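Chain nomenclature is as follows: A, B, C and D, assigned in order of appearance, with residue numbering initiated at 1 for each chain independently.
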Amino acid sequence: MSAAARTLAPPERRRLAVLERQEYGAYVVLSCADLDGPRPQPGQFAMLMAAERWGGGDGERPFLPRAFSVMRVDSAPPTQVLQFLLEDVGPGTHRLCELREDDELWLLGPLGIGFAPPDPGPPARRPLLVGGGVGIAPLAILQDELDADAPALLGFRDAAHAEGAALLRATRVATDDGSVGHHGLVTDLLVDELDRDPAAEVYACGPPAMLEAVRALCAERGVPAQLALESGMACGFGACFGCVVPTRSGYVRLCLDGPVLDAAELESCLVPGAGH
Amino acid sequence: MSTVDFCGLTLAHPIVNGSGTFDAIAARRAFGDALLERFPFAAFVSKTVTLAPREGNPPPRLWELPGGLINSIGLPNKGLGGYLAHDLPQLAELPVPLVVNVMGFTREEVARLVEAFDAREEVAALELNVSCPNVETGLVMGADPAETAGLLEHVRPLTRKPLIVKLTPNASDPPAVAAAAQEAGADAVSLINTLKGMALDPRTREPWLGGRTGGVSGAAVRAIALAQVHAVAERVTIPIVGMGGVQRGRDARDLLDAGATLVAVGTESFREPLAGARIAAELARLRQQPERDRAPATARP
Amino acid sequence: MSTVDFCGLTLAHPIVNGSGTFDAIAARRAFGDALLERFPFAAFVSKTVTLAPREGNPPPRLWELPGGLINSIGLPNKGLGGYLAHDLPQLAELPVPLVVNVMGFTREEVARLVEAFDAREEVAALELNVSCPNVETGLVMGADPAETAGLLEHVRPLTRKPLIVKLTPNASDPPAVAAAAQEAGADAVSLINTLKGMALDPRTREPWLGGRTGGVSGAAVRAIALAQVHAVAERVTIPIVGMGGVQRGRDARDLLDAGATLVAVGTESFREPLAGARIAAELARLRQQPERDRAPATARP
Amino acid sequence: MSAAARTLAPPERRRLAVLERQEYGAYVVLSCADLDGPRPQPGQFAMLMAAERWGGGDGERPFLPRAFSVMRVDSAPPTQVLQFLLEDVGPGTHRLCELREDDELWLLGPLGIGFAPPDPGPPARRPLLVGGGVGIAPLAILQDELDADAPALLGFRDAAHAEGAALLRATRVATDDGSVGHHGLVTDLLVDELDRDPAAEVYACGPPAMLEAVRALCAERGVPAQLALESGMACGFGACFGCVVPTRSGYVRLCLDGPVLDAAELESCLVPGAGH
């Protein structure tokens, strides 16, 4: 597989203004002005914290910054706008979801290694994007960068979450409760696609259980897959050794050697403590 | 800013990093050489090195606290051989002096680490992490004055490089341990290491951390660190590296006024990689114009 | 909610107050008898009583921390005589059992306090605050297993009322102290007391607190308390009163799951006088439907 | 002197909505709807904290509630509105000064013992109100309750602070920088008033240095004075023993036996740690 993608981050965190806050059902999209930041690669992430009052929430948290995939980059020089997709699951995401236009946040990034560009082949393989829940975020920027509109198979809990599908193109949706699209798992859609044409390369991000199902399926069918994982992070730049995930070559710091990992490196995606 | 002398080393300012809270090699991968141009610390303290390689504790390794963090990293490191072969050459490229932090589970292990680094001129000083049990005596070296003295007497003769003893706060009487270390020839002490802490998984009700318990750090321990640094300063004459919850220049100044010669920044670097440089600048400003702090004093007529 | 048995006392729920963090007599002056109708605790633990009256430390006595507080109150109290004459009759009017917390600077002082309260049937149990140095040996009673055992052997014979030993967290090995207390006849242990902390006056650079150092409490110590309660529970079979940074039902549940029988609320009562009642209610809800806590679990499909 | 004034507080803290936020130069006035709260007495105070994000400010504070004198009660049943006068001097007051209409705060109160009603005499004494800086707050509600408009002598640092004088009636103002009114100390004005007519009873609140000057002056002239002091408080209802001030009868908890103390009980108003 071709070289993975890392754009270096400036070591200084940047104070960015929120330009826009949009709601997509259960999700919030924050657009931030990052004028002189480097352009992130699909799959890279940033550490974010509100510039004001990062703390004093439930249980006197948050304190540490939080990791978020870059969902989309919108560069109309001189301005570069970074978009993030947020789901309120605790004090950190809650605080960020509260931010309104002109509020500010601290951003460190872009961080980590993103998705590697599709293998030119031969054999030529069509990219398939597979996302679950808020894990669809890095697939949006990836879809933007891929020449053709790669099909995006997206799984959600319910209709409110499925509204997030509007952020991608060429989508097929599955919901746990059947309220939208296929009633079942997104991996059902993946099986379906791979049955139609196995010459595919899978790019996936989502909760551990979903990623594990994707990994097992692709392994079984010999389909290459790049998986964007999650784990609890304190720093995002390799300082704390807190974000390790087990791989065939031992623990790796997900913030440094991931978050995108080649499925072949993983025995399992069920990282203890991740993805809650 | 005026330079600082620490055990014969001349440092550009008094702010260094806490061992294990900044991986300069990893940071260089993330930030490139821009890191070297803006290096936030006046000396670099590397993560604890043990004789044998360690992969560290199983995840999860982190739990966030009010104004702090519990970590159970478990001292992952390449071991002495791996460190000498891979890490030391890269750390030698840093624009600041290198302090190597070592830990052994027996006095003999510590001795071998000290000897090995004594031989390397890339190494400016050694820090002994004594926050672990001596497998021979079962006692946590750094919690017991006699244990600490015994260790020092064993390794002091092995090097002329400055030896810093890193004290654990999980002790009845850290000043007594510090005094014992000074007696036995330590050149400096550093404190505080992390306080023992724990969290339960909200769902399973089992310990959240792979290591079951971990170490508490960050703003939450600031006042405890200040009390211990102050108490140790009243007992020893050797220089002190103070740390624990430092986020701002004024936190650093508190530790210096309490008797520290250097201040280490740990957890705050996770929130801001260049926190060390910011804190050094804030400290310099505070020292030029202490009135700044007085603002609240006149806030009411 | 189901009642709780603690050393033979039947309590309406597992939430009590930490000694010295709620003055029921003062609160009744501020809130009137409405306090008795809504009394937040299942038992009331009174502030430490000493043999002689104490006026306490000079102000300032408080310093706020991230998620916590340092206090140097200095155990002001009317002394045994004043307590018996003025406080006890009023505390006897509370709708819950009374636990009297006592401290002495010699074993003999503790003995006299224990004897005096053993004679009063208004008193349901006694808590021994051993976080102070024994003026005879110079050792902090609660930091040293032998000291603690010696004290217990001395006073255990003097009462049949439940004796709770309140442990200090400023010790190398609290579980060893707890085990020694159990050995010597303690009916229960309570922990944690406050951690030693300090703050400097932003202007004078001298210690802010009149007592120079003080005790750290509040959310900032939560993880440290949980670790110590968990470790003590693995060493003793007697019931444990767990405390330290409890703000919510889930914090109380963590301590109970770690092995505590009762949970004490301290600093949080300063933020909300009826915090104890709220926490008891939240705890009851959590126990009915633990899934509540799972919300985040399903937050992502 | 007649019995001091304490209205009991309900033991439960109340969640109040901010109805209005006004600025008076350096000060902010918050008006809060306290429908079923008891009516506070002049000189009583409340413990306040923002209902959301009380924390995460400078140095990861605030954490504990903060004490504020009730500045004014505006009862048009069924609604009772409490007003507080705030000066931003640190993370707690900063957060409260940030609150806008419809934001909510937690209130515990009314707490403490307020000003005792004027001594009926004989000899009849005219009430004189003496305030410094934000210490003018309890004098406003006191002036409202006193039959006639008692003269209010007010000292401020500068013109921006002196705008607070608009909150009282019958005022004489002194400023440290002379920008408004008398160039000098408010005690100069007090000397002046007492020279004109010594048959006065003084009600004062302000920074320690000012209160101490007032205390010494009144003692010297045999003028009775009630002084509203300040000290650092954690609880406000006698639980923590943290707020003690030294009196002739030993330490007293200011939240319980104050904040208003009879000047005769005090050797000095310079309470360590208070007032900055």
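Everything below uses one rule, namely that contacts are C-beta pairs under 8 Å (C-beta built on N, C-alpha and C of every residue); 3 or more make two chains touch, one makes a residue touch a chain.
What you see is a predicted model, and the numbers here were worked out from it, not measured in a lab.
Chains touching both chain A and chain B: C, D. When the C-beta contacts at B-D and at C-D are tallied, the pair with the greater total is C-D.
Look at where the CA atoms of chain A average out and do the same for chain C: the two points lie 47 Å apart.
Look at where the CA atoms of chain C average out and do the same for chain D: the two points lie 34 Å apart.
In whole angstrom, the spacing between the mean C-alpha positions of chain B and chain C is 33. Touching two or more other chains at once are residues 65-68, 219, 296-297 of chain B.
Of all residues in chain A, those that touch two or more other chains are 55, 59-60, 63. If each chain is drawn as a node and touching chains are joined, the picture has every node linked to every other.
Here chain B touches chain C in the complex through residues 63, 65-68, 70, 140, 143-144, 170-172, 195-200, 202-203, 205, 207, 213, 216, 219-224, 226-228, 230-231, 245, 250, 254, 257-258, 293-294, 296-297, going by the rule given at the top. Of all the residues in chain A, the ones that touch chain D in their complex are 52-57, 60, 63, 95. Taken together, the chain D residues at the contact with chain B in this complex read 55, 59-60, 87, 89-90, 132-135, 155-157, 161, 176, 206-207, 210, 275-276. Contacts from chain A toward chain B in the complex involve residues 8-13, 49, 55, 59-65, 106, 108, 111, 231-235, 237-246, 250-251, 253, 256, 271-274. The touching residues of chain B, when paired with chain A in their complex, are 20-23, 25-27, 29-32, 34-35, 38, 47, 55-56, 58-62, 64-69, 71, 73, 76, 208, 210, 218-219, 267, 269-274.
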